[in-house]
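Below are two complexes that have chain A in common, paired first with chain B and then with chain C.
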Partner chain A sequence: MDILNAIVALANFVLIPAAAYGAQLALGALGVTLIYGILRFSNFAHGDTMAFGTAMVILVTWALQGAGIGIAPLPTALLALPFGIGLTAALVLGTDRAVYRFYRRQKAAPVILVIVSMGVMFVMNGLTRFIIGVEDIAFDDGARFIVNARAFRDATGLDEGLALRSTQVITLVTALVVVVWLFWFLNRTRTGKSMRAFSDNEDLALLSGINPERVVMYAWLIASALATIAGTLYGLDKSFKAFNYFQLLLPIFAAAIVGGLGNPVGAIAGGFLIAFSEVGVTYAWKKVAGYVLPFWEPDGLLQLLSTEYKFAVSFVILIAVLLFRPTGLFKGKSV
Partner chain B sequence: MKRLLLASAASLVAASVAGAEEIKLGISVGFTGPLESMAPQMAEAAEMAMAEVTESGKLLDGSTLVPVRADSTCIDAAAATAAVERIVTTDRVKGIVGGMCSGETTATLQNVAMPNGVVMISPSATSPALSTLEDNGLFFRTSPSDARQGVVMTEIIMDRGIDNVAVTYTNNDYGKGLADSFAAAFTEAGGTVTINTPHEDGKADYSAEVGALASAGGDALVIAGYVDQGGAGILRGALDTGAFDTFVFPDGMVGSALETNFGTEIEGSFGQNPASAGAGRDAFLAMATEAGFDGTSSFAAESYDAAALIMLAMAAAGSSDPATYKEKVMEVANGPGEPILPGELGKALDLIAAGTDIDYVGATSVELIGAGESAGSYREIEFAGGKLTEVGYR
Partner chain C sequence: MSAPYLSAEGMTGGYGAADILHDCTLTVDRGQIAVIVGPNGAGKSTAMKAVFGMLRLRAGRVTLDGEDITALSPQARVAKGMGFVPQVANVFPTMSVEENLEMGAFLRRDDIRATMEQVYALFPILRDKRRQNAGELSGGQRQQVAVGRALMTQPKLLMLDEPTAGVSPIVMDELFDRIIEVARSGISILMVEQNARQALEIADRGYVLVQGANRFADTGAALLADPEVRRTFLGG
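Right, the complex of A and B next:
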């Protein structure tokens, strides 16, 4: 019984939240890594692309809700997702046409493109706030819980509750579907193969007749789809606030770099690694220890690090990886 | 030319000593930042007091008051200093209603108000550290120190039969000051604080914080944070995981956002914010409704009182010079004298002109103690039926 309590407590406060957060980071990191692989620069505007995409999804969600269209018990936002992706892709492709293409033709150094992407970031930042405002917006509807903490406690007779939100399950399932599709696309389709070829060796790819503008367009399309999906899932799980998406950029980059920039497998592994280390290392083990070792009554909280250091955890991992494996855990391109 | 300059300078001096003038007052609150949902009501309340005095035409021979807004951002001390520097040196304000948050208030007081000799009356900076800060007699506040809130919160929690709580606070001067004073008062009263840990505002994920709080346990969770920021994130996480059922909300969390975003989920949770019952509050709320804003919003009433105190002190001193009128702030705020309620500022100016003592009661039963801070009356609130309801006053 006590062992069960310990497992439930651990699942409720570490495993489930970290898995959902990890999936959100992984989707974000995939977008960053894809742009790095194809266009060879770190896209700082990715966080705000996520915010813009989510804002679009919210607007369409409101319209659908107003028209009485829904897919209960699933959130309406999932139905609005394709529209959001379309609008975001239009903005991103427009940005590429207006801004990035100019620098690409000049064969600008990657560092210049990074700075350009920061400029794009600030513009998108303002655009999102202008369209939807700075407030916290909760746009999840449908059933919030699959397993409710209190109901679980009552049903099982355990001391610990287990909460499983529908958004957490949706996040994990969607992330899985998207990742499987992306790998199928990159490995099995002609366009995907040409993108990989372009990423591996630009000159050879050009020689074999691959159209670079087409590859770049597909990269942006996929990146904006990933950004919108990641942003919407994050917003469904927590809530939408433009500022938080900007903050999300740091752990996303940490995830992409730890995994190896340019490597999709690495982005996924990095996302989960960062999420689990943020939540796990700062977890106070007192409660779990109390169940497993009832004879031992610790004075402290059995916390390795206080929670205010959780960001330090991701960056220590980041530095350690860069020191010993500069290309990341999964052999990305060097940074 | 020299004579002309001298003459105009002389006439300027004469004008500022007597005769009608245009007096600018600054309003330095965080229009952007973690308390941006409270700031508009605070500014409107202060401006309402200024409009009242201007309309009466009785301050310093019919002087007009002009409000100048500055965005103190609440969290960014450098931005706040720059904003207040601007209104002090460019707009030449004679007094400031503000700052809003404790850290930023300390910075603007020390970097701008003290060097330039401008009076600051803060409606909402509640850190205990401000009580003992060297201020050249220029700083007052119409809100009580959090040392007092810690004691009141302890009483409220103990009265509900809870003696075992977890505490999380926003990692800044306000949060830490409040959490520490509460923890001290609660422990002294025989309660147990299982954990007292900070959280950062504006972060992407609060699973780790909620996990640590849940592990430490407790019958209730005290969230000394901001309702527009990490406080809401912690609350959301704790509710979703079922870590805590009962929450205690200090002043930074008491806002209408709690009602709209959480509603019935926080049934039975409770808290307190500085406010007082009585004729003064009722009069202020009626005036606010008429002016078109929500007077029950946190610190709106304190802002009205802060602006009123500055103007009454000017009248009592017969000068809009901060160095002169700063001596009169305590005098008009406290008895003995004729009690003054909101909406009676014109009457107060008449009384002062007639040489009668006044005791400004205002919207929050102002009584300044110690180094010039409110003695502190708190409104106890509770969530019942998804609504924020008033329980009583302490």
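Right, the complex of A and C next:
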């Protein structure tokens, strides 16, 4: 039995990637849950908002790289992030003005707003592909590794290598900063509290003099920022492809619903739960099993599902939660 | 005698085509308690909503301190010094008691700590529970939060829609005492009540509403003494 190698292999192939992926999903789910809490509908355009935001960050990154501006060893995209957020927020606020506000005034049912958001999703989807194309774009520059697999092997003398990519660390650090800021904003500032009040009891918020249009504007602004940050981190960690972001919608919604729609803590927990389940179920456990149980020689790879089926994991969790605990783990609003 | 602080005259209107209120008139003097009683479906809550601007009136006008506010939105009326405590869903359940009070004072830009102290002095239990979420409190405590939230704007007129609905008789007496205390501090009170007898006992002015129209209007004591009111509405 070789516990150390098993732990290193597990960390390298499951724990670290899943933690980074979980942070990305958590940021995405926070945006979804925030819009649900304030505007009371599931925003299907969130995945494509992430794609658009990332596309904007990539364009600004290219411009900065062209101008020779960088923040090595960190990726230039981090510098481009504020610009990307600004551009995305402009598009999202414009969409709200042109589309959602009309339905809000009509007091449209949530299901109508969901369909409307699907329309917005298709438009944003097309817009993003039109602007930046459909192919894979890798835009991370700067140092690639903080711990390199070969260096780790040489240093520790273990058989297994441990790679820690800089994008994974950046993802986790950025997510932590964003989440801490968001909770500070929601719990400590007057505007944040008014957003929670509006989410809690809209009529009473109106009676207290809280301006609904202002609350909605802040919700869109924060959701755009969260979407752009989540999308950029995902793109840095993997690569940017517009279609992948559309597909991310499912795990993000699963994360938000598992945690309890409208509940920010739930969105974060849900993001990590989905990520660890997805990576855990699609990982081939043969190597780790070989270290822990050397006497057992399994025939297969000990992989429960091939990676092509990773979205099935979100689906199964989503259905299980909706069947047995529709308000989610952290008591969100009933769906 | 000077003009009443709040005067709602000849209110006629409803939610749809049919009118619920028919020429309904309510007035409250400064620092006094006015109570609306009447059978179920008499339009008591509707009259309250009409005074607060949550109902479109076909006829009639509402004046506050001599100023015509008939056309103002509920939010604008809050800014004019009206506070409203709805019957249900009158707190922010996932926010702490203190945050509920802060949200009540959302329109104010000055220091709200003194007002919060007054609310805590009025309802001492809220001070102990100030970090707890309002949704976790008992019914009576939640009503105190709701009244406290409305007081945070420093209203000159406080409107209460059945403040004692669903609370025990002991808590009800306690709430009535607090309401008298609020009125003594100079705030006018307009209140709808199911517990007609107890409410009329503390009322300076009472209105018996039947089918959206004034049936009786007099001082609380006079209504309690009126044999017809006693027979028809107070159960003998």
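Note that the second predicted complex is superposed on the first by the 322 of 335 C-alpha atoms of A that agree within 3 Å, B and C clash if a C-alpha of one lies under 4 Å from a C-alpha of the other, contacts with A are read in each partner's own complex, and residues count from 1 in each chain.
Going forward, a residue touches a chain if its C-beta (ideal position, glycine included) is under 8 Å from a C-beta of that chain, and two chains touch if they have at least 3 such contacts.
All of these numbers come straight from a predicted model, not from anything done at the bench.
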item: First, second, both or neither for A:Thr156, with chain B first and chain C second; value: neither
item: Touching partner for A:Tyr283 - first (chain B), second (chain C), both, neither; value: first
item: Partner chain in contact with A:Glu308 - chain B first, chain C second, else both or neither; value: first
item: First (chain B), second (chain C), both or neither touched by A:Ser208; value: second
item: First (chain B), second (chain C), both or neither touched by A:Pro251; value: first
item: Partner chain in contact with A:Ser239 - chain B first, chain C second, else both or neither; value: first
item: Residues of chain A touched, compared between chain B and chain C (which is higher); value: B
item: Partner chain in contact with A:Phe13 - chain B first, chain C second, else both or neither; value: first
item: Overlapping contact positions on chain A, where the chain C interface meets the chain B interface; value: none
item: Partner chain A, residues of chain C touching it in the complex; value: 74-75, 78-79, 84, 86, 89-95, 99, 102-104, 106-107, 149, 153
item: Touching residues on chain A, where the partner in the complex is chain C; value: 190, 193-194, 196-197, 200-201, 203-210
item: Chain B residues touching chain A - in the complex, by the definition given at the top; value: 32, 36-37, 171, 195, 197-200, 202-205, 207-212, 214-217, 228, 232-233, 236-237, 240-243, 257, 261
item: Contact footprint of chain B on chain A as seen in their complex; value: 9, 12-14, 17-18, 21, 134-136, 138, 145, 148-150, 152-153, 161, 163, 165, 234, 238-239, 243-244, 247-248, 251, 275, 278-279, 282-288, 301, 303, 306-308, 310
